[in-house]
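Going by the order they are written in, the chains are A, B, C, D and E; count residues from 1 in each one.
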């Protein structure tokens, strides 16, 4: 388990790479060859992460006694019978292998597992700082969740590094670009293995600043710097919540240690409800800013001003999921704070669901391909938050995992398109690219299908789990979330189809001759596309695998990644797989595709296309024959959903939310000016200066006493003597 | 601890070597410019070497106790003695002061601002240095007062002679404000002298800060403590500066020559906060407890207000100056919590602010030298014109807005954290409100700094300077700035370098305060 | 006692009236003469108070020396003998007010404190010799100082007053 | 005789003297008015000496007379000096310096 | 004959009177030399006068070493540590003034021999003053120090301003001494004796008696004039401006100190029980003097006039401890003595610089100091030190003086003392505002006429500058020096 205990090496490598590139890159390596350093470092990171992941699975499979928690009976008053059962199970057969767990879940225990509760590997390296007797260890915290993210970050970062060698080739600040990619990777890795909440904050801020730098990479143009500023400032707003929330946690538990906080909550779930609610709400604000949740999501589309690989890495796959990751990491806090176990709607679930909805709606209204993807990311992040909000921890992490791959692929695909189409992202200047860019087209379609949640692509599995989680919930279902989820499923499929239509089909509307990107770009695309296909395999439900005799591989993410050592105490349950739900989800996605397909293909009268397209042909025929459906689409769906709602949503987004962010900035500046002018210079400084002027002018006034005439002086002398005498003799 | 041999001299050497240098320079004719500069640099570097020796010899295990103590007769008639000593609270600040001055000298080596006259300029810097060093090691109130005041005149002249357009107004304002504060401060010192009693009720009649720390104001009734504290508050609060006594600061900073601003920000402002920690709180715990919520209030007002002030600025230096108001607000908030945690954070904040804002002023000065203006709207594209300087500005801005991993964060975050759990006897809800407001202040800080950065560094250079060749960071600047940059990173990565040293002293102080709060 | 009272009455009337005339007359020489009357009246009062040496000195020094000085002063400054120059300034009401206020408060205090205390008339009578004994013993230092003062005044006055 | 007879005479004389020095414009007249004030003091001193039966009152009065003589001398010298330079002894004219 | 026989010569303590006699001897010597050699003796005069002052320090030193308190004439004339310290202070101030005068008087072609005679006479009065514990002695000492000063103020015979200065000083001085004498007569009337000790007993400390109040008040007013306290300060600016600069320095320092000395003796020896009059009186006067002096000084353009108002304000500071005379007598005396000592050097120093600069610029306007730092850095630095000292900024000496005030006030404690303390604090700030105007000119402004020739400073001025500069800095860095004298002087003045 050496890698788990020495996980600090993983972020250290890109950190060194950052220093090497930034300070020695130009002189010793050559500004245009620094990617060698970055890629080497990332390869190492990837290898080490893989080793770590492997070792973690070993730890779960064959736990050493000290890796297993001897769990006590947690509070019976919590009243969760599932939890009680698990507790008993563990008491009896904690050494049991995972087979029993599968058996359990099959046995109708609501998907609960009874594999042993594996401790995270916590390595504390030194006393980082201590203040007033409070010690802060700097250390690593490695468990399944960590290694999951390690793999995601390492993989995508590596691919982005490779992809970028072509994409940003010849850029003036090639060196800085790679340096900050490295720094970002280091920060992100540091963040995911944070041992305490201070480290979480540190990592959180560092990824934010890397994001700022990379969004503003082309800082010569003002829109880019505006976007960078907006991203950073919006995140800062959320950081208020982060700071306050973390402080509340610290104040409540008197520790920064994540393990300790989680354990304290999970062993005594009922306590500190109010504090946890406050903390959870504050942290929610942080999540909203970092993970683009309503209403702080507006920075994310703007952040597309950065180079596309950066968008893929930071604003799709990794940094923006930091919020989700943090919720998952401190899940007991949110679970107890928002009473996820007992409620049927809560702040987190609502924000997530609502975000998913508006994100999807907004994606319709965009012409910029990256913006579509950005809103899609917003929407999917909302999905994840919603999943966490309904108690579907594993589903959220699973979706995070799959989403990272297909969304990165989509972004890189968009980058590839733009690379080919003269650096434009406007879909109106694309079209018909499928012939010129076959690889890009194919990977894009695969990823889109994954995103849309079409069987058997990765997105299907993870989305299904979320919908299922919403349906079942914990003690109660989350019906509203389910409705949101379903709507989003449909919309997602629809807007992705639209993108594909505009980008790859029809006539080319741009300038010049588009061409396929070189291999160095398409290979990463294919790798990601491959992941988009197979990533779902990591958490397949048992029933699916049973027929092929691989039930032992079911729920791998749940088994390995879920921090059951904490969640168990909360009584978190897992829903049983449901075929019905899966079919409903699939149907929604398909109908989304079909409707859109019909809308674009048919309306344009491009019948030829339908001939060649298998899916479209089927759907088209159905719709062709049943005209009312088209009518339904045109008059009802389009007119009511797309035009008014999406437009309204877009207007609202641009005019209210986005303006609110901008005006918040402007208002602050105006207030600042006002305060400065009237309060500072006017009142405070004014009074100081007035006092000075007063002294000056009274000095001038008093000078008139000094008339120069000696008899006036005499009058004053004798007069003062008389007055003093009167005062002292008569009055006193 | 018995101090013997060379160690009895080291503190005095560190304090007075620059003064000796100044006296020597005064004897050298103006024409020997190189010699003048060498003597100046040499004496300040010698002081720094002594400082390094102190840092090495310092017994970190006993950081809570005064070390290298020298206690000699000075003004017998008023029972004031020449007592200097160094503990964990003084050490970082002394070193900061010792480091900043030679760097400023180096920076000014070929950049003596108009109207020139390096001799006078260097002499004043060295006298300033003596005053600052002395303030941090003095352990007698009168001695402290003298050193505290010694810095005034040199700074007055630095601003007044080598300053900008409005220098007369600014320098006078700086001076009058501070003078008023210190007059009230000396009244309070005397009140402490006359009213302090030891545990047995005997009048002490001493200025010895060690003794007064020990007795912790037990003989002084609370209402009196409150009044005396008020005097100290004015004295130190103006220096910090706390809202609403801050208006001298933007003017002074804006008009001061670069190194003047740097020293003002890096060291002088710290005298105020140091005074709170060293004198006001330990000597008058009950007064401090009564005042703390109000100090906290002014601190958070300062945070927000300073930030708003920044947003309104059109001049880069003035903006940085206003940011000092905000940052010192965090420091004061930490102090106002009266907790070990908060005060440690405050000390850290002092050092961090010194390095970061000092750095920002350096950059501003260099920009001014190149562009001859600091009007934000006329600048732009610094990253393009002088990329290294642009990066340094960005780095310092990031540090200033409290980016974790850099020094600024460790002053800001723990201070906010400390407000969650203020010391015994403090209104918890009030401080938690302060906490939230302070946290909001961090957003504004990011706002104004990035706004500044966007408008100065990003984009293309404005038309006005489009064709101009703007020199990038030169050698002198590198030498002067590198230690600042290293310090910002080093303390950011390894905050314990400071927390470890200060904690013993601060915990001693807060333990007393807590005991008194519990007793009353 | 009655005789003394009558004598006092007459003398004090002379003194006060002369003094008033002195400060109000428009003729400077007249003023000087009124001053002589005041000084003389006071000298007589000193006699009434049995202060013979003071009375003598009053006559010798004041009426003899000081008045001559004044007359010289009047002549040397060629002051108009008539009332050509306005002798009293425009601010005389203020002056009168101040004087009245000051006099008033003094009189008020005196009346308040001494009330109708009688003058001690049977006390010891000090002759010139007694006075000189006192001067040359207890007050020897001030006496010497006054002599230095007169010398210095003499030297200084000469320097200032002489024509260069 | 009442003590106050003399004292009030002195007070009156003093007040008249004050009026004189404040109201008179002629420098020499001012000097003469000063003598009134000093004589008022002398009355008090002599009377109090008698009242207490001590000689020091008379001695004091003598010192006052001597000093007054010196003062008059000096005063006249200064007035004369001014007269010589300014051909005026009107004290209201002497306001070169003010403020 | 009987009377003659009855006279017994009082036992004179010649040692105690030695300082006065030495001074007298030198004064006479100067006069005699003047008469004999006339103009040829001019060169020797300053030296002779200076030597006289230094020689007078010798018996003071022997008396100090001897250390016994010598009281003569029934306590009317006392030589104790207090008086010795102040005598020394007067003599040293006088010496510095003579150093300042040498070139001024010689270059101006004024009457030289008489100048020094009068100076010595005035100093004799001051030396007497510090020993006088008797109304008559105090009165005579006052006149002895004042009358020569009246004449010295008018010493530039040709200058209309100087004449006017003399006249104003003279008239106001005489008015004030008339008031004072009237007060003395009343106090004498109540006490029946001129000796302070008796007066203290007779005035007692019981309920207020209007005549006593009046007497005390008038006496204090007489000396308040001398220390140019508001509203009896009006003469000071005009006289300072008009008088020859060394004389101004003399008036601003020695004469003011003498007034303070008299006040100390009156307040602490003659009226110790009458704090019901003394304390409020001084509270009021001190507050007024500081504030008004400072405020008017803000608006001055002539440096001497500015220093005059500054002197008024400084006098106000010195009066502050009297406001707590009863509550903290020892501290109050100490504070005043320390203040006087430091003030003497810093103010004389400032005037020395003024003299030196005027030798070149021939102007008294503050504007004429423009760019002084560029062509006469030494003078500018010296002036800076003196002004800093006057403003009370460490390490220049003045801070310790102000510190003494605060110490006395806080030792007394209470609302009145504290409020006066705050007034002092505010005034410190106002004061710096106008000192800064000079600093601004010297350091920040260009030379007005571009004439950057250096200033030639003569030996005597150089010496004066050196003495004052060293003393000012020494008092600031090692205040123990002056503090010690302050402490010594307290004990004997209060008879402790």
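In the analysis below, a residue touches a chain if its C-beta (ideal position, glycine included) is under 8 Å from a C-beta of that chain, and two chains touch if they have at least 3 such contacts.
Fair warning: this is a prediction, and the values are worked out from it, not measured in the lab.
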Report summary line: Neighbours of chain E that also touch chain D are A, C
Report task. For the pairs A-B and A-E, output the one whose chains share more C-beta pairs in contact. Result -> A-B
Query raised in the report: What chain is the most remote from chain A, judged by the mean position of CA atoms in each chain?
Result: C
Query raised in the report: For which chain is the distance between its Cα centroid and the global protein Cα centroid smallest?
Result: B
Report task. Give, as an integer number of Å, the spacing between the C-alpha centres of chain E and chain C. Result -> 31
**Report entry** Distance between chain centroids, defined by C-alpha means - chain A, chain C (Å)
**Finding:** 105
Report task. Could you put a whole-Å number on the gap between the CA centroids of chain B and chain C? Result -> 70
Query raised in the report: If you average the CA atoms of chain B and of chain E, how many Å lie between those two points?
Result: 42
Report task. Could you tell me which residues belong to chain A and also touch two or more other chains? Result -> 692, 703, 706, 708, 710-712, 714-715, 718, 721, 725, 729
Report summary line: Residue ranges of chain B touching at least 2 other chains are 176
**Report entry** Residues within chain D bordering two or more other chains
**Finding:** 7, 14, 17-18, 21-23, 25, 27, 47, 51-52, 56-57, 59, 63, 67, 70-71, 74, 77-79, 81, 91-92, 94-99
Report summary line: Here the pairs of chains that touch are A-B, A-C, A-D, A-E, B-E, C-D, C-E, D-E
Query - Interfacial residue positions of chain A with respect to chain D in the complex - result: 703, 706-711, 714-715, 718
**Report entry** chain C partner contacts - residues on chain E that touch it in the complex
**Finding:** 3-4, 6-10, 12, 17, 20, 24, 27, 31, 72-74, 76-77, 111, 114, 117-118, 121, 124-125, 128, 136-137, 139-141, 143-144, 147-148, 151-152, 154, 157-158, 166, 182, 209-211, 213-214
Report summary line: Touching chain E in the complex, chain A uses residues 692, 695-696, 698-700, 702-703, 705-706, 708, 710, 712-714, 716-718, 720-721, 724-725, 728-729, 732
Query raised in the report: Hey, which residues of chain C end up touching chain D in the complex?
Result: 1, 4-5, 8, 12, 15-16, 19-20, 22-23, 28, 31-32, 35, 38-39, 42, 45-46, 49-51, 53-54, 57-58, 61-62, 65-66, 69-70, 72-74, 76-77, 79, 85-89, 91-92, 94-96, 98-100, 102-103, 106-107, 110-111, 114-121, 123-124, 126, 130-131, 134-135, 138-139, 142-143, 146, 149-150, 153-154, 156-158, 160-161, 163
**Report entry** Complex contact set, residues of chain B against chain E
**Finding:** 73-78, 120, 142, 145-147, 149-150, 152-153, 156-157, 160-161, 167-168, 171-172, 175-176, 179-180, 183-184, 186-187, 190-191, 193-194, 227
